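Listed below are the structures to be examined.
One chain, subunit A, links the two complexes that follow: it is found with subunit B in the first and with subunit C in the second.
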Partner chain A sequence: MSQTVVAGRREERRPAPPPRRRRKWSRRLRSWGPGLLLVAPSLVALAIFVYGFAGWNVRMSVSSWRGLRQPNDFIGLRNYRELFVDETFRNDVRNLVVFTLVFILGSLAIGAFLALLLDKGVRGESVFRSIYLLPMAISFIATGIIWRWLLDSSTGSSTAGINKLFVYIGLDWLRSDWHKTPNMWAIAFIALPAAWSLSGYVMALFLAGLRGIPEELREAARVDGATESKVYWHVVRPLMLPVLMSAVVILTHISLKTFDLLYAIAPLDARTETPALYMWYTSFRGGFFARGAAIATLLFVAVALVIVPYIWYSVRSERRR
Partner chain B sequence: MTTRTARRARGPYLRAARYLVLFLFGCLFLLPVYALLVTSLKDPASVSVVTMWELPGKLSMDSFRAVWPKLQNGFVNSLILAIPASIISSILGAANGFVLAKWRFPGADFVFPVILFGMFIPYQAILIPMFRVIASMGLNRDLSGLILVHIIYGLPITTLIFRSYFASISEELIEAAKVDGAGMLRTFFFVALPIAPPAFAVAMIWQFTSAWNDFLFGIVLTRTEYWPITVALNNIAGAQTVPFNEAMASALLACVPTVLVYVLLGRFFMRGLMAGALKG
Partner chain C sequence: MRRTRGVLAMTAAAAMLLALSACGDDNGGGGGGGGQADKEVEVFTWWTGPGEGEGLAALIAEFEKQNSGVKFTNAAVAGGSGTQARQALATRLLANQPPDSYQLHAGQEAASDIKDGRLEDVTYLYERNGWKDKFPKGLLDAITVDGKIYTVPVNIHRSNLLWYNPAKLKEWGIAAPPKTWSEFLTQAATLKAKGVKPMSVGQTWTQMHLLENVLLGELGADKYKGLWNGSTDWAGADVISALDMFKQVMAVSEVTTQDWQPEAKKVLDGTAAYNVMGDWLDAYAGRDQKKTYGTEYASVATPGSEGVYNFLSDSFTLPKGAPHKGAAEKWLTLCGSTAGQDLFNPQKGSVPARTDADKSKYKGYLETALKDWQNSSTTIVGSLVHGVTANNAWKSEIEKAYGVFFQDKDSMKFANAVKTAYSSVGK
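Moving on to the complex of A and B:
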């Protein structure tokens, strides 16, 4: 891989006598032209569907489009200004922040913990791993449908779901109203099914990272008299920072755009609504397409702020390798 | 390895505790699956939310029989859409990955991250324009629009998977083909593709799973008779009045293909996951 880069650059730098330049250029075109041609359809499709549409969406967000007829007017940032004072939107952003924090911290804690336990070498490791990762194969819709029955908030003799389990094991006081809790923490409970889905993924990421640390490094520290916990803190922990970063970035972007899980568990409930859902309701149910486009643009910017540095960093560190 | 074994033997209690914790977490992860299985296998008459954790008295397939007619159409739709979407997306991804890894053109270093971003874009940000375009082209009258969209938004990840895969094959193989006078297409078809089946497995499994599990595109781009399984499932089981056993039975049926793929081909599924974290 890196060899190709070097070879390619060297060829470009080679000084060519002026009369032959044209022939050389055409020869080079003949060498990479077919490759470019082969990628061209995909590039065009992505240019239109990703960048073209995202740009068009921004354009819509500064129009006054609502209902079926789409005017081509320009009203500046009015849609955004209205959003920032819109009680629903502010509520949804608050929900999203709570959800993202609880979901990410929860998944990271569980995933990292399981990875540390598995790292030491456990019999039946692949069985454990497969169980923790199984929820990844199940759609968010199915996950949501299962969990809305588990997060049952009935009381007394009709107690069911997880609350019922608490009764069985004598921990009745843990009973919860889950996502029907009447305060701003309601959405934090949706992090439960979300973490169920994704902490296995975090575990797999961390485990791969731990396995990537050469055993000699740990052994060297042990020879120097470090205890096992010191080895983890001083040798393993710093080397795991890139993995932690990947996990945080991936979980953040999933959390920002999560739609189906919330929609399947509690549709049209202000306590568990996020901008991703508001965008959908207001555009496709209400016909306020310009406002929906404005919310979508804000989501796009939020995701780009996290993802662009991450891609840049990944590609750069790959080139260095 | 020997030092590790020695260290392990030193703390038998610690080791037992570790297994216990891993086992308990396994149980926690399987709890929802248990409820799902047990409830959908119970006799519908004896199903109650209050007794959801109790084992069935006698096994019955009646819940499945009740929901399958309502789910069948969506199931078939999802197959019709996920299979071609995963095959076509993987073939295009293979071509892109090969060119970006082994037949680079000026600017390839710029193009790759630009493609990658498509993998992370929140679909909300393109949803309204996409809905307009697909509708104005008349592609929302059947599954073709949905298939097209899944192919295109699958390209970044399939390109990434194949690029990593081809980057790991030796330069000599490509050079040898070049020396023999093979052009780009010939090298791609006769040198690169024959050794790419593992990458195809990873890419196709990933694509199949995400097309099968997608909800947002499905709900925006199709009408009732072309609903994919997730939309059909949400309509049956998401209603407030649906019986518990029918909700669980339909959720279980909707998971069968992806879980089957996961159980049979988990290794490739894992690799796709890792590639998605840009670590491939």
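Moving on to the complex of A and C:
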């Protein structure tokens, strides 16, 4: 009895402070509530379809799942340990490093070159822009099949593709075995089509960056007697750094997960295999789903290592602004 | 402003995601049942290419004639050797939504599906239809697992064939195709001197196709069979020397990353002398390239494998939990019947698995192939690349080891890798 009284008294006392807090809460809610509400479906979908499944994938990578029955066991890091001594996996990682380097440097170089050309002002710029962007509109699988023909290494009368072009224009000595070259650079020849197809995108990024640099800055440098190349080196280059950063990050994560292009050009070929392909072969041809999950997890970590610092950096610099 | 736009973009993305997830779930309804009154049957294959597509269409037409009122759903996924199809199928099986019947290569490719309890034992269909005396014993042995049969073979392909161009061979001064692999190497030297490529080889699976036939030719049928059941030691001296022979053959060949057709075409066009490929090449050369068997192109057993039929077979299964079991049984019965096999095979360019098929329907290459297949003195062995001798797990480990072997050319290491894989996943 006395308790209820106490409780009643408490309840009487309580209402006093809340109005203020509630008003504060409701004010806050009113400011970012609608936003949260709008984002909520996306957050839920992300939580389930991205993070939920990524987590599930990690879980599978520490099980012994092989074949069409899924066990619910836990075998620790055995799949990872096996991967690190797996010669195929090491070979694939090395290929991936070569691929990434050539691909990024290639598309940055081509993209930057095209952007500088367009930046100098040409007639019909928009036409050129579309032409340079076009390769990106072609799916990687189609690019792959086209380049498989172009990179044909047959000799003698069955010479074809780029080699044949070399013969036509009298540059026979440039003939190459392309991605059938028997050394670690074989995959570099597949990175070239990849670089070609994304160079337009890099060009668009760079062009936007270049256009964002106020003309006054260049003018000022010119007034101070800087030559045109000095203007580019000392004024334009530093201002382009953020654009370069985002281009590198985007290209790196595309490179890490490239699958279709490599698969279309040379399926099951160890010279041009990367972890992404190995993951698919071993899971769906061999039924080693746990091993595939382990590779996927490693790729996920690798992508995160590139992306997370970048996000951290850009959030910080945005806040500073 | 920026924030509003961000929110808008996020919302749009969320809406798209939700729409996507809603699309995924249109597979409900149906399911369960079986019995005689099935109104439909769904059959999963990878037969979409020329020849095989027509063959399947002929089978479907016959099925619909026999079972009017049953709707036939052709769930075909394109892609040679079923690579893409297997992946699509694995997804369905894992989700417990099997089709009523799906295509498999007969033999060990079915092993993991059987072990994981995905397939029904269909021995009763063999007994009901009296098939046990109609299929050759070597084939039945190869597809029987622990005394039970889970697949119905529709056709038989032959892997161990050496294709050549008779007129061109004469022109290059070569009397006959080689009988052994060392004879091939001798011929290769002659051919190279004349600027002709001795052999054309394509992407990895065609290289492994060559590998299995070099092993067969060098080791003989018995030891070759032993490679797959553990009775032949992979690291033994004879296997190693066979692998070394394979390296020599590869060294004189032109190896590309094309699929098999462009490589076969080099032989038809006379820019390469030989190509080792299964007998699906016949349909390509005859039907697609309009060449005549015997004069413009011809085939013999690969060196050292005369009298041996290195087979592979497309077959159909009855998955556990098939929604229309009754109709699926009717489909399997048609596939195993003489009528069904004689409708399908002349189109596909393969021979019927049954030995009592109508010989008059098979012309050109198929005539000789059928004679060999039905000859009781022919030794039957199974193909590795085409799923007969190794289960999927072991096969993919062999493919992996081959990738390393292809680069470092270390026969002993390759043999040991295959051996290790056998003891961990092959049995």
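For the reader, a short list of remarks on this structure follows.
Everything below uses one rule, namely that the second predicted complex is superposed on the first by the 277 of 321 C-alpha atoms of A that agree within 3 Å, B and C clash if a C-alpha of one lies under 4 Å from a C-alpha of the other, contacts with A are read in each partner's own complex, and residues count from 1 in each chain.
The rule is simple: a contact is a pair of C-beta atoms (placed from the backbone, for glycine too) under 8 Å apart; a residue touches a chain by one contact, two chains touch by 3 or more.
A quick note: this is a predicted structure, and the numbers were derived from the prediction, not measured.
Residue contacts after overlaying the shared chain place A:S158 against subunit B and subunit C alike. Residue contacts after overlaying the shared chain place A:F49 against subunit B and subunit C alike. After overlaying the two complexes on the shared chain, residue contacts for A:H253 are found with subunit B alone; subunit C is out of touch.
In the superposition on chain A, A:G287 makes contact with subunit C only, while subunit B stays out of contact range.
By the touch criterion defined above, A:Y168 lies against subunit B but remains apart from subunit C after alignment on the C-alpha atoms of chain A. Contacts of A:I141 after superposition on the shared chain: subunit B is touched, whereas subunit C is not. In the superposed pair of complexes, A:R271 makes contact with subunit C only, with no contact to subunit B. Comparing which residues of subunit A touch subunit B with which touch subunit C, the overlap comprises 35, 38-39, 41-43, 45-46, 49, 152, 154, 157-158, 267, 284. Residue ranges on subunit C touching subunit A, taken from their complex, read 3, 7, 10-11, 13-15, 17-18, 21, 83, 86-87, 90, 93-94, 112-113, 115-118, 195, 197, 203-205, 254-258, 266, 269, 271, 392-393, 395-397, 399-400, 402-404, 406-407, 425.
Subunit B meets subunit A in the complex at residues 3-4, 7-8, 18-19, 21-22, 25-26, 29-33, 35-36, 49-50, 52-53, 92-93, 95-96, 98-106, 109, 111-118, 120-131, 133, 149, 152-153, 155-156, 159, 167, 171, 183-185, 188, 209, 212-216, 220, 230, 233-234, 237-238, 244, 247-248, 250-251, 254-255, 258-259, 261-263, 266, 269-270, 273-274, 276-279.
Taken together, the subunit A residues at the contact with subunit C in this complex read 35, 38-46, 49, 66-70, 87-88, 91, 148, 152-158, 179-180, 182, 265-271, 273, 281-282, 284-288. Of all residues in subunit A, only 1, 3-5, 8, 12, 32-36, 38-39, 41-43, 45-46, 49-50, 52-54, 56-57, 60, 110, 114, 117-118, 120-122, 128, 130-143, 145-147, 149-150, 152, 154, 157-161, 164-165, 168, 196, 200-201, 204-205, 208, 219, 222, 228, 246-247, 250, 253, 256-257, 259-260, 263-264, 267, 276, 279-280, 283-284, 289, 292-293, 295-297, 299-300, 303-304, 307-308, 310-312, 314-315, 319 touch subunit B in the complex they form.
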